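Each chain gets a letter, A, B, C, D, E and F, in the order it is written, and its residues are counted from 1.
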Amino acid sequence: MNSDRREPNYLLTEKQVADKSEIARRFYEARTRLNANVDKADNILVKRFSNLDHSTYLESTIPAKYKELMGMVASACLRCDDCISYHIIQSYRLGVTRVEQEEALNVALIVGGSIVVPHLRRAYELLSELYG
Amino acid sequence: MNSDRREPNYLLTEKQVADKSEIARRFYEARTRLNANVDKADNILVKRFSNLDHSTYLESTIPAKYKELMGMVASACLRCDDCISYHIIQSYRLGVTRVEQEEALNVALIVGGSIVVPHLRRAYELLSELYG
Amino acid sequence: MNSDRREPNYLLTEKQVADKSEIARRFYEARTRLNANVDKADNILVKRFSNLDHSTYLESTIPAKYKELMGMVASACLRCDDCISYHIIQSYRLGVTRVEQEEALNVALIVGGSIVVPHLRRAYELLSELYG
Amino acid sequence: MNSDRREPNYLLTEKQVADKSEIARRFYEARTRLNANVDKADNILVKRFSNLDHSTYLESTIPAKYKELMGMVASACLRCDDCISYHIIQSYRLGVTRVEQEEALNVALIVGGSIVVPHLRRAYELLSELYG
Amino acid sequence: MNSDRREPNYLLTEKQVADKSEIARRFYEARTRLNANVDKADNILVKRFSNLDHSTYLESTIPAKYKELMGMVASACLRCDDCISYHIIQSYRLGVTRVEQEEALNVALIVGGSIVVPHLRRAYELLSELYG
Amino acid sequence: MNSDRREPNYLLTEKQVADKSEIARRFYEARTRLNANVDKADNILVKRFSNLDHSTYLESTIPAKYKELMGMVASACLRCDDCISYHIIQSYRLGVTRVEQEEALNVALIVGGSIVVPHLRRAYELLSELYG
């Protein structure tokens, strides 16, 4: 079964987030620099994967903000700091509150266990910068 | 930061789900049988863990149904069929539609990759029994 | 950078493999039954993922048989029996010898450690049926 | 740095354990059947890996029983039921008490999170058969 | 079944370890800085998780030093450098010898495979500073 | 079943690779520094593991270059940057082309999902340095 899809309505631009958080700024900077190599290679399967990845998080039956939080919980359980930062920032841009971010991180903590704790600590640092 | 918590309002009892789906029925049956041993052991740390696990998914700032879907996405990425079934059933009891279940499974598929596919297939079997 | 892609030239049909190996026969049977539900749902993102998955293993600069073995090694390290069986069967259909299968399994064993051993045992059972 | 190594002193034979627990009996039976294929293949790297695996758990500066429990905790966190059963049985043969088994499982539960719970349930079933 | 629990008797304070090892000093410093954000948030579920985590490693039927080594083996198999460092330091404070640390790391290496090697190398660096 | 084994014929020395790529140079430097501690400890089980690891990737029925790519795919799916870099460099030294490296990375991406993407980005940075 399928659902209509459309670009979500971001409340903040990437630049506005980067101006607010040093961690977010460094995240965007590293991603831009590294993606330059990937884009230059122009690998067709990588591009198809990226398009599919993009489609997955579009606004649909499930609001985009909850899909970003789902991606964040999965990233925390699989323990990828880059991915956690990305989804926290995306959620933030979609209006997710700090309490909601912490609630989602609690799901990741109980599912994934104490091995998630170092990532949780770093996630809270980003939350502090974003929500101040 | 914290959020008020309360028991979610289930639209269906476990028995009603078990009557509708053979997979759900077997899931409950196995869980009941195995939990008997765990309960009998009365291990205090296991009990504290279970209580914390229960608290995590309570209705709060994030609706319980989305927390169950977050747990499902994490379970699919960590590839535990029992956990996937549990969260699909819980979501179903909270009124999540089939389209929403599939949207959440799509997040798990893109984050976790093709290694998730065998679990996705089994999840769709459960979805077919539940949503008919 | 990209590589030309084309369907690989299978030396054996799925049916021929199923006639030779009971494990392969049950694998195909379960996959067919479960895929019926997935196909019926006609989820567009699942279909795009499946197409991309298919494209990845096509004959290209790297012979298809080595890509199937790569998928098998990854599956063994991530410990998914269904995925291991699938890639062993695909490699077999592409003319991979038993010695090559074991060599690839050795890579999985050293990278993934003793947690791979139970999967290795089940893989050897399938190898015994296929290569007799 | 190295430690003297010697075979541990088992208090019970495999047969005695199999007579006491149906789960242990089936575990041994499946392992014997599957290992026949592996042994027949006589793969030199698999044999060297098995020898190294065996050496790792020998009685040394750390008593063998605690090394088996370490293997059990790692197996539970990596979520392999076969490996968990193996190490529980080995620990049992070395005189580990039920309370010690549960204490070790508690470490696995807190490190690995709720995704470990289904394995914990099955582990408790084996504990019940062994310790009655 | 339960076991009496009490705080373990540390032979060294955190400060004494930090004075001996630069890696330990930086580990404590980063943890202190990051925990400040977590503590400030005062999230009730995170606090309950931390308390449960603390209880798990208390002196009990299994000596605390072996539980720390179990946590270390699990952390190495799940490949978290922060967690490995933490448990190596805790074990060190409880009187674990270098030979015992290496024996436990050997269990992690055989269970987890060569993917553990980069973490093993970094662990040996910490061991050299502590026992050097 | 076994295969003859012999050292592969490297087209480039480690020094030649380090002169070409800053990432490779730093990788070798860190490995050399960290291995000094490991070698000094002279742990017999670590040495046996290293020997077995070395034997696994020798030229045999499967050409060494494809075994290195298998190791790379497994490393990417298990998400270890050090291991990915190592196998990309080894493959490069054995004459693997950039297109082949990308094809292998595509297998890792589809099997492992978007959680692999940050590692893919860093891998492409190394590819750019090596293949210029």
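The working rule: a residue touches a chain if its C-beta (ideal position, glycine included) is under 8 Å from a C-beta of that chain, and two chains touch if they have at least 3 such contacts.
This structure is a prediction, so every number in the text was calculated from the model and none was measured.
A.B. asks: What are the mutual neighbours of subunit B and subunit C in this structure?
C.D. replies: Per touch definition, common to subunit B and subunit C: A, D, E, F.
A.B. asks: Over the chains that touch one another, what is the least number of steps taking subunit C to subunit E?
C.D. replies: Graph distance in the chain contact network comes out at 1.
A.B. asks: How many steps does it take, at the fewest, to get from subunit A to subunit D if each step moves to a chain that touches the one before?
C.D. replies: Contact-graph shortest path, subunit A to subunit D, evaluates to 1.
A.B. asks: Since subunit D and subunit F are copies that touch, just let me know if over half of their interface numbering is common to both, same, or not, different.
C.D. replies: Here the answer is same, because the shared fraction of interface numbers exceeds one half.
A.B. asks: Considering subunit C as a copy of subunit D, what rotation angle in degrees (nearest 5) results from a C-alpha superposition of the former onto the latter?
C.D. replies: An angle of 120 degrees brings one copy onto the other.
A.B. asks: A-E or A-C: which has the larger count of contacting C-beta pairs?
C.D. replies: Here the pair linked by more C-beta pairs in contact is A-E.
A.B. asks: Which of these, C-E, A-D or C-D, gives back the B-C interface, meaning over half of its contact pairs coincide by residue number?
C.D. replies: Repeat interface, by the over-half criterion: C-D.
A.B. asks: Between subunit B and subunit E, what distance separates the C-alpha centroids? Give it in angstrom.
C.D. replies: Here subunit B and subunit E have centroids separated by 32 Å.
A.B. asks: I'd like to verify one number: the distance from the centre of subunit E to the centre of subunit F, where each centre is the average of its C-alpha atoms, in whole angstrom.
C.D. replies: That pair's centroid distance is 30 Å.
A.B. asks: List the centre-to-centre spacing of subunit D and subunit E in whole Å, with centres computed as mean CA coordinates.
C.D. replies: Roughly 23 Å, centre to centre.
A.B. asks: Which subunit C residues touch at least two other chains?
C.D. replies: 1-2, 41, 43, 45, 49, 52-53, 56, 74-75, 77-78, 83, 102, 106, 109-112, 114-115, in rising order.
A.B. asks: What topology does the chain touch graph have (line, ring, star, complete, other)?
C.D. replies: complete
A.B. asks: For subunit B, which residues count as touching subunit F in their complex?
C.D. replies: Per the stated touch rule, the residues are 77, 109-116.
A.B. asks: Flag every residue of subunit C that touches subunit A in the complex, lowest number first.
C.D. replies: Where subunit C meets subunit A, its residues are 1-2, 41-45, 48-49, 52, 55-56.
A.B. asks: Please name which positions on subunit F make contact with subunit A in the complex.
C.D. replies: Spelled out, the residues of subunit F in touch with subunit A are 79, 102, 106, 109-110, 114-115, 117-118, 120-122, 124-125, 127-128.
A.B. asks: Can you name the residues of subunit E that touch subunit A in the complex?
C.D. replies: Those residues of subunit E that touch subunit A are 31, 34-35, 37-38, 40-41, 43, 45-46, 49, 53, 74-75, 78, 80, 82-83.
A.B. asks: Hey, which residues of subunit B end up touching subunit A in the complex?
C.D. replies: Residues of subunit B touching subunit A: 1-3, 52-53, 56-57, 60-62, 66-67, 69-71, 73-75, 77-78, 83, 97-100, 102-104, 106-112.
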